[in-house]
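Next come the structures, one after another.
Look for subunit A in each of the two complexes below; its partner is subunit B in the first and subunit C in the second.
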Partner chain A sequence: MLLLQLLANGIVTGSALGIVAVSFALIYSTTRVFHVAHAGVFTLGGYLAWSLVRAGVPDLLALAGAMAGCVVLGAAIQRFLYAPLERRGAAQLVVLIASLGTLAVIQNLLAAVYSPDILQFPSAWAGHVFGLGGLRLTGAQLATVGVDFAAFGWVMWFAHGTLLGKRIRAVAANPFLAEITRLEPRRVHVLVMAIASALVCLPGVLGPLDYGLQPYGGVTPLLTATIAMIAGGIGSLAGAFFLAIAIVVLQNLSLLVMPGEWSIGVTFAIFIVFMLFRPRGLFASG
Partner chain B sequence: MILELAGVAAGYGAKTVISEVSLALAPGQILALLGHNGAGKTTTLKTAMGLIPARAGEVRFDGTAITRLPVAERVARGLRLLPEGRGIFPDLSVAENIDVVAASLTGKGAMFDPASVYRLLPVLAERRATRAGSMSGGQQQMLAFALAILGTPRCLMLDEPSIGLAPNLVERLFAQVRDVCRAHGVAAVLVEQNVAAAMALADQVVIMNNGKVVFDGTPEAARAANVWHFF
Partner chain C sequence: MDYLYSYLILSEIYVLLGLSTNLLVGVVGIFSVSQAAVFGVGAYIVGDFLLSGTLSFLPAVAVAAVACIALNVLITLPSLRVAGDYFVVTSFGIQLLATATFTNWTWGTGGANGMPGVPPPDLFGMQISSTRGILAVSTVAAALGCLAFWLILRAPFGRLLKAIREDELAVAAAGKGVLRAKVSAAALAGAFAGVAGGVYATYLSFIDPTSFDLDASILLLTMVVVGGARTLWGSVLGPFLLLALPQLLTLIAIPTTYAATMQQLVYGALLIAFALFRPQGLLGERL
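The block that comes next holds the complex of A and B.
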């Protein structure tokens, strides 16, 4: 039963990190920016929702409001930071440093405005424990797994079933051709950042419903998500999502045989195995 | 004249690659732009397209100066580029390639919509669901040509479209270019290493050497002057 519980917990957290990975992969494959500040957008979403809930806004509306805030921040980062750097021909390292700086600013602002300590959501339903067979899952965990799998389904439909999704894939596949066929890659980049920021807000709010908010809490999820994106194959959204789940499930199962503090080591062990034996990832396209 | 370059200079960083480049072509005319590797042919096309800025001179399209216009505006006016070796979206299916570009370039009354492109190039209709990057080189180049003509092209610039293709495919592709130009009054600039095939297709030949135009005349005049002399 412990095995099943660890497996279930792994799938819950894995689906949340899966959405972090999918949204990060969407940005990286389209803009080629290693958007580390995505961890800041993820964290900000939780704090925005927390503020709205504390102000008496119903939980669902608070989630929508937080998503809107993340959309504005993500689009602004692309429009006013990455795009001007790209126009000036900045090297990828320069853009990465700009992104790291943005992450530091967001984290420290959150710590200054709120508190560096852990804040708990006041939503009672989130902590309610449901028994499913022998498994015990909280309301927040059930919401996480349901919403994140639905979000993944939506992303796949959007990318393959809508004209805008195909346009984003086209810009990712050949930015030069996108430029000379008037697909407006720069506008698409802003749009991608907006969509990915809305997506990352979902686990950014639903996760902390369970374990609370912390200003510096976005970095470890992003690290795992990045490894999932690389191991899944850059350009494969499904690869990023399912590898994130697999990594977190393996992390959780490792608790059966080793202490919890080694779980991040398991993540890196998986990464090293992929780098050695399948550096292009499981589902790399092209 | 549909496309005119008058005394154009352009380059990358501190290096000027082309200078004093002038050429002009009328609607329906095919111009073969020839020269050895590094002569400045692709730079000329990129400058006309607005992908790199002109440092001197003027680019005119249908009599209007477009030297400072952004790429998207030039494309909207009907200037199209089929880039060398990267004219498709490899991760998308053939139908997705065509749909995405058609949505951007095909308005009401367009010369080529997806249906007319599939009629013109039936091999693409048969391969609608195929991932573009997995097709043969010839089929990929047909798709690239389809993407370049979608909407209402008025001047096509084709950068080495025959590269890597078998001779029979080159013949077929050039026949398509000729038909589109003749039937619809579309002008074409054809950059080619395959000098004989390009000269057979062209109405006008421009030869570049070291970033400058060294010959501008008819294919007959080029042959009479021994075309290789200019390379």
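The block that comes next holds the complex of A and C.
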């Protein structure tokens, strides 16, 4: 029974990290920026929703408001940071440094405004425990699974079934050709950052409903998500999503044999194994 | 006066760390947020040996340096084989794993409570307990580090490293060992971090995981970016400037609970500003 519960918890948290991984992969495959500050956007979403809920806004509207805030932040980072750096032909290293700086600024602004301590959401339904044939899941966990799988379905439809999605994939596949065929890669980059920031806001709000908000809490999820993206194969959104679930399930199962403090070690060991035996990932395209 | 000494000692320790980070980030050209982890390994090794009394200061520092060389090469090797961006993951992973180890491996590190009572350094049977004496030790260590860095950048090996930065393919085509050069630079960076860790542990006599976490790595990166990459003077200026920052912040009366947050906020803002407007730092070359 414990095994089944750990498995269920793994799928819940895994689907959340899956959306982090998918949104990160969307950015990375299109703009080629290793967007470390994505962890900051993820964290900001949770805090915005917390503030709105505290101000008396209904939960769903609070989520929408938080997503809008993340969209603005993501688009601004692309427009005012990454785009100017790209225009100047900055080395990848410099872009990474700028991204890390952005992450530090967001995290510490949140810590300064909200205090560095863990904050809990006041929403009562999130903590309500539902029994499902022996499994015990909270409202927040059920919402996480439902919303994140739905979001993944939406992304797959968007990327493969809409004109805008095809345009994004065209820019990702060949920026130069996209430029001369007037697909306007720069505008697409801003759009991708906006969409990915809205996406990452979902797990950013739903996760903390369960275990609380912490200003520095975005780095470990992002690390797991990037490992999932690499293990899944860069360019494969489905690979990123399902590898994230697989990694978190393994992490949860490892709790049977070792204490939770070392779960970062498990994640990292998975990464090392992939680096050694399959550095291009499971479902790499092209 | 003691305050000035403490500022000088810490700055000199961070000069060694700045040189270490500069070798990796500036010279070899890989993004690293795990140098504080290597620094921590050096500090804990020296702390453990001195506390148990098995080795005296110099041999303990030598062991720490060798361990950090091995560790740094091990960390850097994958980045030299796979694409640059993957190393970001390795680097974050190593740093988080190190913090988890420092915090949870109570037997070797004292865990989150830290390791108190590390004895002061001793040289040739003499204990150096005065702040002035330790200042002398840290000055010698930093001066040796600077000398080594300066000599290396002037030597043919340094020119090889510079050439790799300019055009790696051309260097490989000219028959030079690119991988070997990069590994050597990483090894040297490890040695610097190990020695810095030893001096740090013996000077403060108390170490805990917060000195070696992700924030500490970000501080090291900020020192190199602000001071300037790939030059000796950049790595000297960066630590002296950034360690003065907490003092400036006390002047504008921020509540102490927010001091660390404010410092990290400023480091982040500095990273963004320098990346955008002055990627070569104050006294460095273009990154």
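Methods note: the second predicted complex is superposed on the first by the 286 of 286 C-alpha atoms of A that agree within 3 Å, B and C clash if a C-alpha of one lies under 4 Å from a C-alpha of the other, contacts with A are read in each partner's own complex, and residues count from 1 in each chain.
By definition in this document, contacts are C-beta pairs under 8 Å (C-beta built on N, C-alpha and C of every residue); 3 or more make two chains touch, one makes a residue touch a chain.
Quantities reported herein were computed from a predicted structural model and do not represent experimental measurements.
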{"item": "Touched partner set for A:Ala91, first subunit B, second subunit C, both or neither", "value": "second"}
{"item": "Which of subunit B and subunit C A:Leu109 touches, first, second, both or neither", "value": "second"}
{"item": "Subunit B versus subunit C as contact partner of A:Gly127, first or second or both or neither", "value": "neither"}
{"item": "First, second, both or neither for A:Ala173, with subunit B first and subunit C second", "value": "first"}
{"item": "Subunit B versus subunit C as contact partner of A:Gly153, first or second or both or neither", "value": "neither"}
{"item": "Between subunit B and subunit C, more extensive residue contact with subunit A", "value": "C"}
{"item": "Touching residues (chain side subunit C, partner subunit A) in the complex", "value": "25, 29-31, 33, 78, 82, 84-86, 88-90, 92-94, 96-97, 100, 103-104, 214, 218, 221, 225, 258, 261-262, 264-265, 267-272, 274-276, 279, 287"}
{"item": "Of subunit B, residues touching subunit A in the complex", "value": "49, 51, 71-72, 75-76, 80-81, 83, 86-92, 96-97, 99-101, 103-105, 133, 147, 150"}
{"item": "Contact footprint of subunit C on subunit A as seen in their complex", "value": "28, 34, 36, 81, 84-85, 90-98, 100-105, 107-109, 111-112, 116, 219-220, 223, 226-227, 230, 259, 261-262, 264-265, 267-268, 271, 275, 279"}
{"item": "Subunit A to subunit B touching residues, read off their complex", "value": "163, 166-167, 169-170, 172-174, 176-184, 235, 285-286"}
